[in-house]
Amino acid sequence: MLRVAVLGAGRIGRIHAANAALNRNTKLVAVADPFGDGAKTLAAEWGCEATTDPLATLQRADIDAVVIGTPTDTHVALTLEAVRAGKAVLCEKPIDLDISKVDAAVAEVERLNGRVMVAFNRRFDPSAQAMRKSMDAGEIGELRQVIISSRDPGPPPRDYVKHSGGIFRDMTIHDFDMARWLLGEEPVEISASASRLIDPSLEEFEDFDTVMVNLRTASGRQCHINCCRATSYGYDQRMEVFGADGMLLNENLRASTLRRWSGAYTEAREPLLNFFLERYEAAYRTEFEHFRAAVEGNKAMPVTMHDGRQALRLADAALESALSGRVVTV
Amino acid sequence: MLRVAVLGAGRIGRIHAANAALNRNTKLVAVADPFGDGAKTLAAEWGCEATTDPLATLQRADIDAVVIGTPTDTHVALTLEAVRAGKAVLCEKPIDLDISKVDAAVAEVERLNGRVMVAFNRRFDPSAQAMRKSMDAGEIGELRQVIISSRDPGPPPRDYVKHSGGIFRDMTIHDFDMARWLLGEEPVEISASASRLIDPSLEEFEDFDTVMVNLRTASGRQCHINCCRATSYGYDQRMEVFGADGMLLNENLRASTLRRWSGAYTEAREPLLNFFLERYEAAYRTEFEHFRAAVEGNKAMPVTMHDGRQALRLADAALESALSGRVVTV
Amino acid sequence: MLRVAVLGAGRIGRIHAANAALNRNTKLVAVADPFGDGAKTLAAEWGCEATTDPLATLQRADIDAVVIGTPTDTHVALTLEAVRAGKAVLCEKPIDLDISKVDAAVAEVERLNGRVMVAFNRRFDPSAQAMRKSMDAGEIGELRQVIISSRDPGPPPRDYVKHSGGIFRDMTIHDFDMARWLLGEEPVEISASASRLIDPSLEEFEDFDTVMVNLRTASGRQCHINCCRATSYGYDQRMEVFGADGMLLNENLRASTLRRWSGAYTEAREPLLNFFLERYEAAYRTEFEHFRAAVEGNKAMPVTMHDGRQALRLADAALESALSGRVVTV
Amino acid sequence: MLRVAVLGAGRIGRIHAANAALNRNTKLVAVADPFGDGAKTLAAEWGCEATTDPLATLQRADIDAVVIGTPTDTHVALTLEAVRAGKAVLCEKPIDLDISKVDAAVAEVERLNGRVMVAFNRRFDPSAQAMRKSMDAGEIGELRQVIISSRDPGPPPRDYVKHSGGIFRDMTIHDFDMARWLLGEEPVEISASASRLIDPSLEEFEDFDTVMVNLRTASGRQCHINCCRATSYGYDQRMEVFGADGMLLNENLRASTLRRWSGAYTEAREPLLNFFLERYEAAYRTEFEHFRAAVEGNKAMPVTMHDGRQALRLADAALESALSGRVVTV
């Protein structure tokens, strides 16, 4: 029975707390959040301890593993502290917005033989898993192209955007991780095009709301990513992989299978699931279970700090490409 | 080059005339219709002769085959006259609304060694053909159940209904033919339920607008048919066959593949094709070509007068079942 | 916090126990099963008490509600005992295979002002709920036809079949309940056709494996049900409702959205979810929550013993129709 | 009645000849091809004249319009000759592989007030038309992103590739035209990534088989194109447009609506239509009719030489980008 603490009682912390509490092989011991009543409320919900002191929590002997769901700028410090305290860590993405800090953190965790998993939840989505499994079974043969469409239902608050690191580091970073995971090779070349079609005032932050990215690996495999901060039709998450022997597509999820026929249209389907909390509910649950299994089984982490670093590097390179109008070699 | 005359210049006659004119192996020689300017207009369209005398047309030496698209009550007389004149005949369904007249006609055509095809166009729909072909290839194994959904976009004019022979003989007759064709065995038992949910005044004609029929063959195969005279969403034509080794479905057709995502719905598809002239355009064309090939190749007619008779018998039995509230043995 | 005991530790009891244990507003107190180690194993899984004495469990003061998931022939006795002990009851379907026993039980529960819900789980499937909600919102206008396809992935063991009450009472009974629920009116006429296309030796039990049923209500609404004990392609559960203003379809569920393109086919989808435990997982969970909410809120049960009785009556009438070859008035 | 000659009796000439012969408002007068028996065979099929002298054909007084379906390197000369002879021209794409020749031709045709349409057939595909119409009706609001997937079923012969101008000018040129047509604005920036994943020996021709292109317009609209010379699953042609108020997708076409359920997969659909002759059959027919209507109605050509020139410019820029590894400004 893995004993777990969750740091951060925001919306992502609440997901991890629920998964830790409901997982049959883990015990949610404590929830820590220095701000407001978040920890108290969340702890009450699951019958565990609440604290406003994350650092003290890391020192507790009755805790084996921590999930870090605090603000991004605390990820590195808390991760290192947890590693030093001998805890296994599941850290939310991104590790940090600054690649040099990430590099330092990766090196330090390595030196300490720390066990850290970065929370790229989408890899654990059942449809993503089915796609990867089919590829691993050789069903589409040699991979040629990957296409990822990733559009949010609506833009985040202006204040969030300001500190987000920009669309590439905040949003597309998930798609960069999926790209690497599906390509099976590191991208060596990246070209990004970025526009402000929803909110021109994003120029103030050198940020964008609508982007397209192309990646290429050394062997010539290609990947296209398109992202947008808003749609009129919900949270759009699709993937396509095309290989010598076939093609695979993943569709969006809906709350029901209902299809409607009327005078105006036929076979209209239900709205897409609201946003990432709903869309990736199963992914978060499975991610946590993979973390647990890796920790308890003393196996390699399914997503490493290196993975977190590489995704950030691609995000940095994409931003550089978009701002300079040049293809960037990674 | 098969030389063809089309009798009847109504909407069904116009389809056959077009197919005869555009078929590379037939020549449309004449169009005959005693009423109004129909024949003249249609003949002008295709550059052939027009006449108001169908009977005289049947005697012409420069005609090998005739398509009979006149009102139902003239089908038998014209068919017999054509057969006596040595012409091959493609006769619209139903042969007649009176089974005894149909029986007599079948016998007489047989006696004369006449060559008559009954125009059950739906068998020649590309999707129906693909379904039959898959079944013939053994893809679904031993057949168990057939389900046919058949709904018109809107009810016919009251005057048409009055002389139509009722929904079973006028509309469901197509589905009875499809049922026999897909079942591969004769139904021996039929149970029909009939309602007036659109127009209660149909009671005056002992007619109905919404019906469900179940059929069973001697070996136990089952078929369900549902029909309605109107929908809000267009002309609905679907079929399902279920066997020991699989299931096949045929969907409706649309004018384009466009799918729409909006705030209200996702993946909404285009309206269904308007009605039978549009939905079965390819079926009519292929039907005519099969008729031509059978006539010129001196091969068996792909749909026989016997087929026309059996469909009518099922329609009669369905009406009897609906009116009596009993299961009827055929 | 509703305190719950689960009677029966078979596969259906295990589902209810899990739902009672995981529901945030209920507490699973005990699991009772007189046979083998079932109760012990299940109780260990959820950290509750185990007992081999269901009757004693009903008398416990620390239990508010019981879920009855024992063999069918114990349902009535346990339900009545529970009601007498003042417990709210969620009883698995069917209440009993004998309509006279069901009638007596319904009367007795009424006399005792008992609170009993019958577990027709399919009503709580998210897609069924979405369909019903759309109908309630008037989206398809006046209902005309309902079509239910319900096929099991494989036949049950011969010994199960022997005591099952036959396909109509054991399997189609779910569809009869859905029919009533979707029709919104009681069927008054039923016609059933039944075959043995998979296992001819079912004749020994006067049972069948492949059936079609048509139902009609007093106002003329129609419903078709097709059932089969086995398919080659999995557990097939589809529903269609057709009304004056539109049509709604519910599709099958799959474990992922993956679609495959290859040389042999295009857009092939994943297998269907294995069987009812997987397919109706969400339905069972929601059913339990509705039971809890009704009990705690002192509201009407969402599915009543009367519903259980009516479904059985339709099953009896279907069997009578199939055996007699007659339409049966209900 | 527009009198038409078709130059070139290859597979594209045969399509145009059929459309000219079957169109009710045009008359196919002659087919001209200097090589072999092509013209003779094709003319026999449609009952028109055959000649081996295209240039002489252009001088005939009984011809109003010509369709040029000859090899690419003859397009400019024949087009200019036809224009000088006062004929309207429907010229196959590309106008030429050399942009300077194209520029000169455009200028000369303008000077002569010639009437030339370039045959970008895909614009006339029913689904493309439905997409454009929906956009024009404002259904998706301000356009943000366009995604075009375009993959051939198999690679062309090596000898064809050698003289094709390369994948961008030969194959992607269609997609560049669609991109311009859907974007509604000229691309100003292009970035292309190109690989040889099927046939490494294409290096000899500085050609590629698998490419990805991103385009951006001055207002920030974006377009992604992916192309491949071969798939295992047929001719893949899909388009997506995403705007502020919605999204539209166009799917592939199949010969029938049949869907198959079996043990291995569910809802598998039919293979895609073989290649462009089959997939764009309706598009070619409609394209020809638009040409006819524009000529006879003295209206603007629906696709101009300028369109042909712009698509080639994008192809040139894409090649430059792929070879240089730089983003190219157009």
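Quick notes on this structure:
By written order: A, B, C and D. Residues from 1 in each chain.
We adopt the following convention: a contact is a pair of C-beta atoms (placed from the backbone, for glycine too) under 8 Å apart; a residue touches a chain by one contact, two chains touch by 3 or more.
Computed from a predicted structure; not experimentally measured.
The chain pair A-B and the chain pair B-C differ in C-beta contact count, and the higher one is B-C. Seen from the C-alpha centroid of chain C, the farthest chain centroid is that of D. Distance between chain centres (mean CA atoms), chain A to chain B: 57 Å.
For this pair, chain B with chain C, the centres built from the Cα atoms lie 41 Å apart. With touch defined as above, residues shared between interfaces to two or more other chains in chain C number as follows: 231-233, 236, 245-247, 252, 260-263, 267, 270. By the touch rule above, chain D contacts chain C in their complex via residues 231-234, 236, 252, 254, 260-263, 265-272. Put simply, chain B touches chain C in their complex at residues 141-142, 144-145, 147, 149, 151, 189, 191, 193, 195-198, 210-212, 214, 216, 220-222, 224, 226, 228, 231-233, 236, 242, 244-247, 325-327.
For chain C in complex with chain A, the residues that touch the partner chain are 22, 24, 126-127, 129-131, 134, 139, 245-253, 255-263, 267, 270.
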